[in-house]
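Below is a structure I'd like to ask you about.
Read from first to last, the chains carry the letters A, B, C and D; within each, the first residue is number 1.
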Amino acid sequence: MFSTNPFDDDKLREECGVFGVAGADDAAALAALGLHALQHRGQEAAGICSFDGTQFHTHRAMGHVAGNFDRDDVIRALPGSVAVGHVRYSTTGETALRNVQPLYADLASGGFSVAHNGNLSNAMRLRRDLVRAGSIFQSTSDTETIIHLVATSSYRTLLDKFIDALKQVEGAYSLICMTPEGLIACRDPLGIRPLVMGRLGDAVIFASESVALDVVGATYEREVDPGELVIVQGGEVRSIRPFAPQAARPCIFEWVYFSRPDSIADDRSIYSVRKAIGAQLAIEDPVDADLVIPVPDSGTPAAIGYAQQSGIPFELGIIRSHYVGRTFIQPRDEVRHLGVKLKHNANTALIKGKRVVLIDDSIVRGTTSLKIVQMMRDAGAAEVHMRIASPPTRHSCYYGVDTPERAKLLAAKHDTKGMRDYIKADSLAFISIDGLYKALGEEGRAKIRPKYCDACFTGDYPTTLTDQDDVAAVDQFAMLEERVS
Amino acid sequence: MFSTNPFDDDKLREECGVFGVAGADDAAALAALGLHALQHRGQEAAGICSFDGTQFHTHRAMGHVAGNFDRDDVIRALPGSVAVGHVRYSTTGETALRNVQPLYADLASGGFSVAHNGNLSNAMRLRRDLVRAGSIFQSTSDTETIIHLVATSSYRTLLDKFIDALKQVEGAYSLICMTPEGLIACRDPLGIRPLVMGRLGDAVIFASESVALDVVGATYEREVDPGELVIVQGGEVRSIRPFAPQAARPCIFEWVYFSRPDSIADDRSIYSVRKAIGAQLAIEDPVDADLVIPVPDSGTPAAIGYAQQSGIPFELGIIRSHYVGRTFIQPRDEVRHLGVKLKHNANTALIKGKRVVLIDDSIVRGTTSLKIVQMMRDAGAAEVHMRIASPPTRHSCYYGVDTPERAKLLAAKHDTKGMRDYIKADSLAFISIDGLYKALGEEGRAKIRPKYCDACFTGDYPTTLTDQDDVAAVDQFAMLEERVS
Amino acid sequence: MFSTNPFDDDKLREECGVFGVAGADDAAALAALGLHALQHRGQEAAGICSFDGTQFHTHRAMGHVAGNFDRDDVIRALPGSVAVGHVRYSTTGETALRNVQPLYADLASGGFSVAHNGNLSNAMRLRRDLVRAGSIFQSTSDTETIIHLVATSSYRTLLDKFIDALKQVEGAYSLICMTPEGLIACRDPLGIRPLVMGRLGDAVIFASESVALDVVGATYEREVDPGELVIVQGGEVRSIRPFAPQAARPCIFEWVYFSRPDSIADDRSIYSVRKAIGAQLAIEDPVDADLVIPVPDSGTPAAIGYAQQSGIPFELGIIRSHYVGRTFIQPRDEVRHLGVKLKHNANTALIKGKRVVLIDDSIVRGTTSLKIVQMMRDAGAAEVHMRIASPPTRHSCYYGVDTPERAKLLAAKHDTKGMRDYIKADSLAFISIDGLYKALGEEGRAKIRPKYCDACFTGDYPTTLTDQDDVAAVDQFAMLEERVS
Amino acid sequence: MFSTNPFDDDKLREECGVFGVAGADDAAALAALGLHALQHRGQEAAGICSFDGTQFHTHRAMGHVAGNFDRDDVIRALPGSVAVGHVRYSTTGETALRNVQPLYADLASGGFSVAHNGNLSNAMRLRRDLVRAGSIFQSTSDTETIIHLVATSSYRTLLDKFIDALKQVEGAYSLICMTPEGLIACRDPLGIRPLVMGRLGDAVIFASESVALDVVGATYEREVDPGELVIVQGGEVRSIRPFAPQAARPCIFEWVYFSRPDSIADDRSIYSVRKAIGAQLAIEDPVDADLVIPVPDSGTPAAIGYAQQSGIPFELGIIRSHYVGRTFIQPRDEVRHLGVKLKHNANTALIKGKRVVLIDDSIVRGTTSLKIVQMMRDAGAAEVHMRIASPPTRHSCYYGVDTPERAKLLAAKHDTKGMRDYIKADSLAFISIDGLYKALGEEGRAKIRPKYCDACFTGDYPTTLTDQDDVAAVDQFAMLEERVS
């Protein structure tokens, strides 16, 4: 219930969701439904590209899937039995339509359309080299780099060109590509971002999360493996693994916040993992209180887990409005905390005089937590305790998640006591990194080759970060120059 | 949490919310915020009218408050320290902007603006007489009847004209009127629709629900009494009671579904009443089950009450999407129950093999219940029991609630067993009418003068229904003619 | 050629054009075409109301007929065999859609739609009295006064009510009204504004000008006479003349500027009258020059007449752009006369070293004339002589023409020599008032009962001006009070 | 007067106009004004790209300059002292915004923006080769070929790369390119399309026609020579001529129809050339008639010339509406010739009983001529003679002019007598090709190296037509295959 993630300025944000289908009479309609179920992964823009056996058709729009892709005329203009779709949240200043995916290019081999979830960590360096050799980019997207690598590859077949391109990129990518021959779905060797595969009758479907299979009535089949290419062509499904095998490192934050609670990832129910996190939190950080209150909506499963483990009743102490408006004119100074009140309101009759435990999934900047704690106090809470269903978020993500610069992460500036002071709670506790791994069925975080990418908590990045290093080199060089002159 | 009521085709719908403020520098901005908090009472259109001491300014728009009234230019075009606002859901085919409230008229006494929650039950007859005498209506709204009665009244002062008008109308009305002198708020003698009063510094505020006071940081003062006129003029607040006193009959459905759970009505927390209904339901209609699952979002407080009373764990078995699109193209026949899946998805991993109790607030047509039960079975539920937090809805409302014609109400066609067969549940039970009154603190429904209007459950309408009688008379006459000829 | 009148800030502007048709299967399509041909009479807004035998259908829009009423969906939403249409240029600040005509009202007798060309000179006083008696106005238009007079008339039949209403109004009105019975077209007793009647098969058509008959292929039949009501009902056409007969006074400016040159008014070709004015001007005010140059487009017919009479060659010395943009950002001070250059450009190669006679239809503020003369000098003209095809415009119009306040009329402030100095021409001359009447076939302007309304030139208003007198009385009273206090 | 060319389905259409400015504080505002003056050269879309010393800014829009580029916010979003602009009429089905110019690309050397008037005759073959080598095209425009040739050139400097690119293309091009260093304007070796250069203070301006200099108050300096590159960089202006010299062949149709009459091309006034054509036509093809009537607006200068030479009076026999709507619903069959009537109306009072000579600039399909002749007869003309101010248009243009396929050109199907029969005139005559050259100051058309490109009249194309030949080869090959199989 309630747990898909609407826009919140104080959350980490998944940047993209992808969907692909081959072999269905009404591929674009299925893609529209699938993208709707993935809407929480990207609310800024959406796009669908279909292939009708002869021509590619593309529609891309700023805004939600509903309102753009629920229209009969739009879907009818996307005929064909193969389609790829994409929802996007942009991290850069560029919100132009030309960055909205799926990207499309006319290659010598025919049309080529690609939808990408993730982020390449050497895209800037590759781009610079490509432009020097004569490639002209039409977007500022890292994804376009892949297309130019394919276009200029000296290999002969499209598949060889594509593998040649993948071997040059580093970082996170779950890709769904459409060609006149069919679909190619693939996932980077570490499997950082998710990608699942399902069936609907004869049709093969790929999607970022299993809920996109549910919404079209498809059956979940399996994950696309890290480093695997799945090729769907004329009803045949083939698998290729062109990379040397290595241990996977899927993003742990998908379980904490990004994925919908009704999704299955790595054969685990997101909802049950979140409840387990809440239960583990109640064991690690108990508190004597009257009410367990979720910060809606993302804190709810963990709050249920915390309540069941602790025996403290679960209650709706904060009511969330479904009608969000982000830019309301603030009428006057007395109306404090207005922004948060438009979205959340305290259930005053319930809270008055009570000791409450608030459960939230994470703290990013801390601004929302500060307002929520104050809202509880204004409503007459006797004590306000905050429990967080993830470890402190201390590092930026370079793999397709929108994180603020480090200087704005509350946990990068303060220890837990300092954070408690900032949000003005009576107590504050985070689940431990080992506790989080326990909730996922491990004994704790392995020292060597931990099972997940948890760089945002630990700073342990599983790939090289070429573009970051280049920037750092330039900065160092600049510093050097300054000293010299 | 989650309990404001987004649009659902299979719910009764409150038709309107009203807001008024006098004595605030930024009246229109406050009105926009207040209407945003009342958005669940009417999602079709919104309007604000302000008075700047010299001129009236009006902006009305189809659609939500957010998107229309959160824009700086719109609010700046509504200057003044007095404002009235309105959100509307239209029951008729007429969606034209001219029906969007507040309605405005230039009377001989100056401008007159009115926002109305409720419905007059003799508006058609009054309109016919007014048109014959030369009045020209610009809308099809029953509210305009009141304005013409004021305009053509032979009394001298505007207040006397207004009281003269009110004495001619019958039905439900919570009105907020704005004149060059200030505000007049009033409620029909039975107080069928709610209206509360609050303060923000020197400003006086009226609103349909107390949440609209919360959002602007105002203090709840009291309800406007049934039959009372509250007049705010130059900082003074006066009360007039021009009607003979009679026992009030506020709409009981406000507690069941319409009002937000964080509102206070009749000094009772809506949330705690709903939990009490759930607990009462667990006492009246227990069931041996593994999980209590709310039908999101409106069934949640009753589900918590049911779970706490019964000891069966409360779990999120149905996940609701925040991104609603109502008109998605349905791709093919195999994709059954598509409409409901776009909004709701079963938490399959949780439900598989379990006996579940679903808690919903009401059943109107039964179409949603049928789909939800089927969704539980598709997810592998061992048993599906449905419990409803209100008695069977058997009668139409003529007081400002959008009810389908009686023939479409499931409870008007079937007894509980027939309804259970229709929705295909293993069991179905409704709270009793006495149980509902108990949850509201009564001993049961009084035979004489029951405390609430519960006509939708009982058919006991507290006023005459002139227009309905006229229609019936015409129908009877037509039948008579048919027999004669 | 080229002589319909696009928007020019320095012209008098006709405020309205009307069109009505009864008895055609596709009435709204004919109305759209007719209004398109009348577009020069009002470019701000347009509207069409149709009646399909049961219901009235209305579409009104800001902007041109093309772009709004050339769309298939719009016309299909206006079914029926009877329709009225209106194009409007608003003189007041009010540009709201509710002022766009045809106005519509539900009267006790049924729907009533009205399109009005002209202006009532006692509308404000009538409105004040109606509001006091309880009428509620929905627009600020003087036309609505007529509807309320009809609605509240104590006569029994609609026709009697309508005649009762007309007898109370004063000023200029060419009206086309639509009722469930058919059309009523009428013209005020002085026939100030034009109204013609034609036939297309069995259909009867009314329009402000004969060009609206041409465009739909209809045959011109006759003018509606001053003071006449023509009633079209079920294929029958009746004429009623409820007013005492009096000499007509049609607006002389229709021949000077308002009407299209291909229209016929009072059985005279507008084009041939304009050529005759030019010829008369050449006789009255000859000049020794090399080229006769029209100020495009309205000066062209008079320029041809002037050239033919004088023997000086007619040449295109000013080129007009068809693509008008009124608000271009002016880049810098050196780019002088930018506004006029966007619309007009000198044909420099032609003009250089030549003595030119510019022919324009009128001078209002004089701002355009000043720029045009300068443009000729910049292009190297040896001498620039200006000849005007109407007498000096010295007085405001209260009968439906947009005139600036008197203080802004160049001729109200200066004699001809002063005007010549202002526009910096080598010479300036206007046709005499008697010369103008001669071009219209008279011997000159009759001292008693002149044949035309020429108040803008002479100040001789043919009706009382009640509202102007009321304003003046208030002003005098205010002055009196000031003196007393 | 009246002579800029609004859209007409039965005219040849110039496809583009270009404008560039360097060294002006408000370059984009000047570009907007200049494009407005060039609007007749392309009404489908417009674009401006500016450079502010650091960044390129682009705005492109479907529709007219006015309405898109007369808005303050648009111009303010285009800062900088250098700008290029483009108006476009698209010949292909592709109307997508991505084809609207100026095109822009990020090259290794920095931004590169280009506006192109003309058409390359080997663009398809070049594109095929570029795509095979890895170039990815984002538009279907032939202009993009030039950009990719620049991007992939092996030369070192941008200027050398650009010249390398130009040497590979064939056909017509007047180009204005913007780089971080400044502007490069150039014209193909034959100078098929026009390009002029002017000054406004220190700023240098390039434009398709001199009227675009007039509108911003700039001084005409000279034409850019065929085969010349003019480079504006940091206030310096340099000229480069990288091509072997050859005789120019500018498009003769610019004088007949495309250019505005107030433009100067090749140091000749377009207006005076058109009058000379009219006079030559009167000498070659005299007729005994009462009135000379221009087909508005493009026939007007030639009609004045014809009238002055023949002594027959020039009169406005056809009135053109300024308010064009192209898709009005045609109400019924009786309303014949509706399309033409919306735009043109006969001045019946003038024409009745008269022998008229109609002067038009050209006949393309003949459909308009047919309607105009019929309109004259319907208005009562005694005789209708048609005289055309150009030779018969018998061949397609491949250099940037929209011509119908040959099969639709009336002159490709009929001799003059057949054309007269088709349009139903009493007589029809065209100016001879030698007469046309005479009006341009020549003795006649030179057998060898005629001075103009007149391929549309003569079929004598001055360049190879590679893409046409490729199509023809494929067709021949297809025919061959058919025969073999």
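One rule holds in what follows: a contact is a pair of C-beta atoms (placed from the backbone, for glycine too) under 8 Å apart; a residue touches a chain by one contact, two chains touch by 3 or more.
Everything numeric here is computed off the predicted structure, so don't read it as measured data.
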item: Any chain in contact with chain A as well as chain B; value: none
item: Chain of greatest Cα-centre distance to chain D; value: B
item: Between chain A and chain D, centroid-to-centroid distance (C-alpha), Å; value: 52
item: Mean-CA-position distance for chain D and chain B (Å); value: 64
item: Where chain C touches two or more other chains at once, by residue number; value: none
item: Graph class of chain-chain contacts, one of line, ring, star, complete, other; value: ring
item: Pairs of chains, among all present, that meet the touch criterion; value: A-B, A-D, B-C, C-D
item: Residues of chain C that touch chain D when the two form their complex; value: 1-6, 24-26, 29-30, 32-33, 36-37, 39-40, 43, 64-67, 70-72, 75, 200-201, 211, 214-217, 260-262, 264, 269, 271-272, 294, 296-297, 300-301, 304, 308, 313-332, 334-336, 338, 341-342, 345-350
item: Residue numbers on chain D that touch chain A, as the complex places them; value: 105-108, 131-138, 147-148, 151-153
